[in-house]
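The structure follows.
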Amino acid sequence: MIIPLQHILIFSLLLFATGLYGVLVRRNIIGILISIELMLNAANLNLIAFSKSTSLAPETGQIFAIFVIAIAATAAAVGLAIVLALYRVRKTVYTDEVNLLKW
Amino acid sequence: MEILELFSKIGIYATMALVLVFALGVVALRNLFHCALCLAAVLIGTAMIYVALHAEFLAAVQILVYVGAVMTLVIFVIMLTEHLGGKTIRQTNRQSPAAIIGLSGIVVLLGTLLMKTPWPVTAKALDAKVSVMSLGKALMGTYAFPFEVISVILIACLIGAIVIAKKDVSEKGPS
Amino acid sequence: MIFGTGILKGLFVTLKNFVTSYFRKPDNGGIFTVQYPEERDKAIEAFRNFPFLAYDGTPDKVRCVACGICERECPPKCIHIVMEIDPLGKPARRPSVFEIDHGLCMNCGMCEDVCPFDSIYMDHAFEVTAADRGKELVRPKEALLKSNDYFLKIRPGTATLVDQKRRAAEEKKKLSRAATLPPQGPVS
Amino acid sequence: MSMPPFLRDIEFAVDLSLVNAKGWCLDLLGHFLPDWTVVLASIVISGVAILALGPLVMMYLTLLERKVIGRIQNRYGPNRVGKWGLLQPIADGIKMFTKEDIVPAQADKIVHFLAPVVIVVPALMVFLVVPFGERMTAVNLNIGLLYFIAVSSITTIPIFMGSWASRNKYSLLGGMRTAAQMISYEIPMTLSVVPVIMMSQSLSTNTIVMTQVGDLDLHWFIFTPWGLVGFLIYFLCAVAECNRPPFDLPEAESELVAGFHTEYSGMKFALFYMAEYMNAFTLCGIATTLFLGGWQGPFFPSWLWFFGKTFALICVMIWFRGTLPRFRVDQLMGFAWKFLLPLTLINIPVAALWFFVPERLAWLYSIAIFAVSFWGLVKLNCAFVPEKRIYPLAD
């Protein structure tokens, strides 16, 4: 590896924090979903970095990353389908306007 | 040849900085379409870092699946739900200061932890070359069961997404 | 019938067209494009574009008598005629000014129909251009005058008919003149 | 079968002339410059060659297309600028450069500007892994084919950017159609490539060409049943991927003005056009590499073979454009999902069995399987066809 492991970890930590911030403060559901993609991406980066530097079986990290990508794709597909269904019924994609079950 | 190594180092750090800027764009921009484009940039930048970590196959998969498929889906849904003008109404809720404070705490804590932990970096892992062939063998051998589970999940989610997003034929829907 | 034969048939037709375009004659399914500035189609006789003034023999023998009928009948009013005044102050029965604004003319052919003196006819000119929009498109008499031979060349059918008619009218005129007043002197 | 040795030598020298020229340049540089500049220079030379090749290919593809379409319609095509119209692309370029660049008043200015710039990038990036000739691949990636598929799948995003930023309903509809079409056709395209990967056991484009090696007895993959079916599927998907007729719904002139590039003029429009033609070229180049033996071929230098095969495929695309009318949207999607996708899924096991069965038998059963599945798919896809109407009074 050209750059030390710690730098990559710090980078992915910052990426993860940015994603988490987006999840916490975004009002738009699609915005929340794409922030989740950011977080998953940061996790993937960690997996790759560890598999490249500390792992005993070098394929493991990459295979887990492939699984994560697959899961992220399914999450995006189902989540966006839910957003579409919600939009069709409530005509909004903002979380604080969807408060029927909340008092 | 050291100078080339220096160039690639500078390149990697520059990519990281750019990725972080675009990530901020993802969470902070008001126009959702711009957010999605920033996310695409982040994903491509991460793929470049994967290449730097000698995970070319994963980089290609990342671009193919994330940028090619997931991003298209996201942009499609944005087009369907947003108005063409790209409204610039408030996109964040009132938790933003609290979130910033809490998150900076987490970042500082985890950052110090990361720097202090002695990571067991092994020469064997550093030298290992992961070819597509070995990945495929691992996927079909050691990880055959999770692989099958993933395929079942994919099928289930495919059907689920179609069922959820399908228009109800029986009723006309709210007017 | 096998699925897709229609598509193959269509593809074969275009392929045939492509190949034959290299060695077939235009009337046989080859390229019929005319490479315009170098070669051009022979204009058909009935083609009419922009009027011209016919004269007999030399340009000073204009058939037009400046009667002004075409000027009056022209729907877009693109003709302007001034009759010539001879030194004695009498009208000379020929135009001193005869202008047609090609920017206005719509090639209706009314002038040709109404002219009682077989003077104005539709031309085959289609390459009429000008560098500005105003003055240059107003064609003066000099540009409009064309000989009867030219008329015979571009529209042989109409021109021979007109010539026959004019000759007959002249004969008749001569005869009637001979009948009314007997010759007084030697006729040249 | 075999050529005299001196001919072979000459052929080899001509074949590698471009490669040798580059090596000679680098040697010259190495004499008086440090090592790392030589590496940089090598990258720069390859890069410049590709950056020059892309637009050049695009320019002359437009000319070729106009000429061939003209001939199909019994016209000459452009023949005024230069001999046989050879300078026509340059005239077009000058015209494009001098045109006014119009940005709609309500447009999203930045994205509207970025879209045509971004769309050229993947179109140029895929040139990296195309093997133009023996030892003439710019970067011999070990995941070359996957790289090609991944990078060409980015193309949807700039199309989205252009269509969204224009604030125009035609653009938006065109963009939506493009996304749906490109994603649908990407799946059968990727799957039709899988048998080739299985047979050559590599993702590197160079290795794939090398497994089809043969002097005059051709080992091209197209001469096997699975290769033929795979090639047909790949080629149809490639036509759909670069939005060419009969799959040109995204820019259907008669319905959507010009689809996603309705609001673009001048050089920005030219960039969209350029990306489209370069994509057509690379898709045909990869089809050549995968199924037609790449740069393999006797007598002529390898790069000549590659370009010959690729341009032959492009001519077929142009031939399609001159012949076939446009699909309807539902027919287009149905064709991808209900016909091409099942056929590719059948193609993969057939190719796998090919590996283990003696050749004569393999031919028999694969032809049988393909005939049956083709017939079955056609039957299943047959939509309701109304009875042919008879007009008793008309005759």
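Before moving on, here are some points about what is shown:
Note that the chains take the letters A, B, C and D in the order they are written out, and that residue 1 is the start of every chain.
As a working rule, contacts are C-beta pairs under 8 Å (C-beta built on N, C-alpha and C of every residue); 3 or more make two chains touch, one makes a residue touch a chain.
Source: prediction; values computed, not measured.
Both subunit B and subunit D are touched by no common chain.
Here the CA centre of subunit A is 34 Å from the CA centre of subunit D. Each chain gets one centre point, the mean of its Cα atoms, and the points for subunit A and subunit C are 80 Å apart.
With each centre defined as the average position of its C-alpha atoms, the distance from subunit C to subunit D rounds to 56 Å.
Here the spacing of subunit A and subunit B, counted between their Cα centres, is 6 Å. The set of subunit B residues touching two or more other chains comprises 57, 61, 69, 76. By the contact rule set out at the top, the touching chain pairs are A-B, B-D, C-D. Touching subunit B in their complex are the following residues of subunit D: 34-36, 39-40, 106, 108, 111, 141-143, 146-147, 149-151, 153-154, 156-157, 160-161, 164, 167, 172, 175-176, 179, 183, 186, 201, 203. Note for the complex: subunit C touches subunit D at residues 3, 7, 10-11, 13-15, 17-18, 21-22, 29-33, 35. For subunit B in complex with subunit A, the residues that touch the partner chain are 5, 8-9, 12-13, 16, 19-20, 23-24, 26-27, 32, 35-36, 39, 42-43, 46, 49-50, 52-55, 57-58, 61-62, 65-66, 69-70, 73-74, 76-78, 80-81, 90-93, 95-96, 99-100, 103, 106-107, 110-111, 114-115, 119-122, 124-126, 128-130, 134-135, 138-139, 143, 146, 150, 153-154, 157-158, 160-162, 164-165, 167, 173-174. Here subunit A touches subunit B in the complex through residues 1-3, 5-11, 13-15, 17-22, 24-28, 30-31, 33-35, 37-38, 41, 44-45, 48-49, 51-60, 62-63, 65-67, 69-74, 76-78, 80-85, 87-89, 93, 95-96, going by the rule given at the top.
Contact residues on subunit D toward subunit C in their complex (touch as defined above): 68, 71-76, 319-320, 322-324, 374, 378.
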